[in-house]
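Please find the structures below.
Look at the two complexes coming up: chain A is in both, with chain B in one and chain C in the other.
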Partner chain A sequence: MDRIGASVLTISPSRPFRVSATTFGALVWSGFRRYATYRQATIAGSFTNIVFGFLRCYVLLAVAAGAVGNRPGGYDVEQLATYVWVGQGLLSVIGIWGWTELADRIRTGDIASDLLRPVPPVVSYLATDLGRATHGMLTRFIPPLIIGALFFPFSTPDRWQTVPLFVLSVVLAVIGSFGCRYLVNATAYWLHDARGPQMLWTLGSGVLAGLYFPLRLLPEWLTVTLWVATPLPGLLQTPLDVLVERDSPAVQAGLVALQAFWAVAMLALAALVQRRAERKLVVQGG
Partner chain B sequence: MGDLRIYAALAGGKWRSMLSYRASFAAEMLSNLGATVLDVTTVFVLFRATATVGGFTLAEAILMTGLTALGFVLADMTVGNIDDLKRYVRTGLLDTMLIRPLPVLPQLVFTDLPLRKLLRVAFGAAVYTLALAANHIHWTPARVLLAVLTPLGAALFFGAIFVLTASFAFWWVESGEIGNGFTYGGRDFTSYPITVYSNWFRDLFAYALGFGFVAYQPALALLGRTDPLGLPAWAGFVSPLVALPAVAIATLVWRTGIRRYRSTGS
Partner chain C sequence: MIKMQELRKDFTVRVKAGRLRREKRTVAAVDGVSLTVEPGEMVGYIGPNGAGKSTTLKMLTGVLAPTSGEVSVFGLTPVPQRTRLALRIGVVFGQRSQLWWDLPLHESFRLLRHIYRVPPAEHEARLRRCRELLDLDGFLDTPVRQLSLGQRMRGEITAALLHGPKVLFLDEPTIGLDVVSKQAVRSFLAELGASGDMTLVLTTHDLADIERLCDRLVVIDHGRVVHDGTIEALHARYGSRRSLVVDLDEPLPPGFALPGASMGAVEADGHRVTFALDGSSAGAAVAGLVAVASVRDLSVVEPDIEDVVARLYQAG
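Presenting the complex of A and B:
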């Protein structure tokens, strides 16, 4: 038994770290390759991101033209353009929409085979999601940025720490987004059909993450409440504010710390919910 | 009459299947409403920062947003499900529809009974009506007629865009989200005065694709404002007619597509 066990790709605290890391890496790579097969969908998606980039950018710049000091929400014109176009690029990296795989597998009963694997579902899905995000970063992130930079003035970072903080913030946004999506999908353990929660999520996440307009355009008390009490601004608004240097260096770093707290909290909650679900799960289907 | 009974049966089947997931149906209905509420709220949020956007006040902009919302949700409720055509083509499910003695388009429409979208239509109509009241419109018979016809024209126009973009799937199965750029993107475009856009982007969407005549031009005519972009005053009154060529083109493309369709064979 031991010899067979040794050749199985596992992730478990009782195994050497190197084995777990190798398995995790293999899962990330498989997630990457899976999305790399949909080349036409990548092109189609980028096209749509770019159309919405134009629409949102023009509207926000028109708002800036009429705002006090041309700075709505404290952003100047370059910062707004950067905000919109980098946001369009990040949209499919963060991947807030469209992931229903877990809920579908729970509904059909395929989840049973996930539970048989020697890797906890939260970990294996996180790994494939990181692979998906890496693919998104290499393919979907760049095209809107290039088009945006061709037609609009962009702001460039002045501080040395901005780019590393932005990269960290994007990773945290992917993890936080994964945690939230896992929880939304996991409602299928109790509801069987997670379409309702999925739709509420699609609806709320876009606006509360700062996709339609920067959250700073809302009254200040509301912006602060959202930031502190929900993980949602951490999915898009935080990386974008970090990149355009909307705040002082201390606040910039503080926002990423807050984002890190929420990312870890959502992941822990997802793991907790998964354990509770496994205790009550009745596998559907034949 | 026989045909109608079949459509009723198709819709009834969908209705029963939806009722078996009541909680999800309620959530879907609310989030559908929420999507339109959010579009309108976004306009209010943007106007917190400024008094005018593109030279138009909040009340004037909301008139365009309300018109767009009502027209779009009417189209979305009737033919919006056609978005799913990609899946039908890819999986070969369309074969099932082709062998039935009914036209494919109504089948697609009735197979997914979109009653969950009814609340949105009510909300869109409310926003439009309130916007008409909030602006000091100098009512004439022509304007009353225009106020009634414009949402219908917008609905036809958006419906044509839905059918057109879904038809891409006949030629390009993996067209994915490209259609959204024109359906939802078109909706976002017409929700604001087109003076906020510029250059080739505005020319493309407003004049080449016709979105400028969905809400912006009729709103100008209702408000009695001259077009800062230079179109004559009568343009607003004939704008709803832009739906006619759009529907004609969509019908032609759809028919060509259906004829071109070859089953996946799986």
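Presenting the complex of A and C:
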């Protein structure tokens, strides 16, 4: 038994508050593994994404057919089809919906186990979420894209920087989305049940992130306000606009910079809220 | 190693007071607990439901912030220094899981190695030891969600030990386990404690856990410590005595008295009599009895800890 009780000094790191890259990487991998377990759910999810892709695409193409110059919101038909199908692929990568794990753990009191680990909860949940997003990118992103490309004309990027910017933008969208979801879930610290905020989030994020329709269809002043004053367009609209080259190169890069600002802000806010919550935490259920 | 000084935790509850009005009321879950635990001690922390056991444990591990009072573990203040403390303590909550629901047990362990940054050789050595003693090999590849409660608890205890903590906090580790699993967990913890290297703080409702494992018993009720000492001290304090149960061929003569023992229950028309041993040894009492009566059978019954504790709880 002496070996189980071996000296703790050998594992106590010199910088205990820093999370090492290996720890972070292992947590990312665990997130990936957890989602990889549910293969049937992955297939069912992709099927649903594809069905809704057809619906959304036909609706938007009908809008385009009736719009002046066939360019609603400044998108041509190829750009619209790409917008819809890449958006369908990105849905489960960015994962704006359906994450209630933190709220559930707060409600049941299991959050206590998270607090007993030497990694701050925001960091460990972020790492796990990046693992989930990576799994989504490898399994859920491609099928809608292939089906979409078979049935509709797609636009292809002309600028060299578009693809790297798109990749960066997707990473930022995942981080921003995580920050928002963490905050929505964290309301459970105060409310004990986050279902109300979750519903509001589900409704609001779908509309204001540009999922139901591109935000460019709204009046310009409203679009700009949403973009500058909220993190929501950065969750879906920005990566899609970057990919379809809706704007000039300068605006394209500017949108990603704005998205980066919001991603960092949401993470910082999530960390702040978590610290606040820990001070008043009540662990439920004995 | 562990110090608590006038530790207190209040919770605010809202109580209905009229049709729409709700009143705030403060409830003290832990009400001024002062305790010191030395390295290598095995402390049983018991009390009725809602007595404040788990709340104390949560304050010791940094999950809950105390309302007032002082608490330190390894000289660290648990809430502000929680992440540093987490590297040095192990915690098992019998009613919660610290394993990853969707992952096989061995992957949970691997992940914990990275989270606690344990050198691979140390991790392997500790895991091998736990695998042997807790018999984990049959279900290491099973996802945690498919484990039985007994298997999961063995996994939980392993998970709490892989980073080599010096203090292990266990909150009802045998709750809901079958007899065999309980015994496995108890003998593992007993062996862990016997090394003298590990401090163990255990809350439980199963007093057999305490009798088997702990040399020190702390009883808490309504947030206050009502007993702190050995189990024997508890018996002495509450006057629980050994008893002698005798089966006789003939009832004892009326007015019979046995020096150093008092007569208790008389059953079976006087053919079975129970004596409480007040000061006399069992041998002396038996000798006194056989001198006057024909004894067919006898047994000496140790005092029942459950009775003592039940009396203690009811008194509170």
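One rule holds in what follows: the second predicted complex is superposed on the first by the 268 of 286 C-alpha atoms of A that agree within 3 Å, B and C clash if a C-alpha of one lies under 4 Å from a C-alpha of the other, contacts with A are read in each partner's own complex, and residues count from 1 in each chain.
Methods note: a contact is a pair of C-beta atoms (placed from the backbone, for glycine too) under 8 Å apart; a residue touches a chain by one contact, two chains touch by 3 or more.
Quantities reported herein were computed from a predicted structural model and do not represent experimental measurements.
Engineer: Between chain B and chain C, whom does A:212 touch in the aligned arrangement: first, second, both, or neither?
Structural biologist: In the superposition, A:212 contacts chain B only.
Engineer: Give one of first, second, both or neither to describe whether A:117 is in contact with chain B, with chain C, with both, or with none.
Structural biologist: So A:117 only meets chain C here.
Engineer: Output check: A:23 vs chain B and chain C. Expected answer is one of first, second, both, neither. What do you get?
Structural biologist: second
Engineer: According to the stated criteria, A:44 is in contact with first (chain B), second (chain C), both, or neither; which is it?
Structural biologist: first
Engineer: Which residues form the common part of the chain A surface touched by chain B and by chain C?
Structural biologist: Common interface on chain A, chain B vs chain C: 38.
Engineer: Inside the complex, what are the residues of chain A that reach chain C?
Structural biologist: Interface residues on chain A, with respect to chain C: 1-8, 10-13, 16-17, 20, 22-23, 25-27, 30, 33-34, 37-38, 109-110, 112-113, 115-120, 124, 278-279, 281-283, 285-286.
Engineer: What residues on chain C touch chain A, complex-wise?
Structural biologist: 11, 49, 54, 58, 61-65, 79, 82-84, 86-88, 91, 93, 95-98, 100, 102-103, 107, 110-111, 114-119, 122, 125-126, 129-130, 133, 143, 161, 163-166, 191-192, 194-195, 197-198
Engineer: Considering the complex alone, what residue numbers of chain A touch chain B?
Structural biologist: Chain A reaches chain B through residues 38, 40-41, 44-45, 47-48, 51-52, 54-56, 58-68, 72-73, 191-197, 199-200, 202-204, 207, 212-213, 217-219.
Engineer: Give every residue of chain B touching chain A within the complex, in rising order.
Structural biologist: Within the complex, chain B touches chain A at residues 21, 23-28, 30-32, 34-35, 38, 42, 45-46, 48-54, 172, 174-178, 180-182, 185, 188-189, 192, 195-198, 201.
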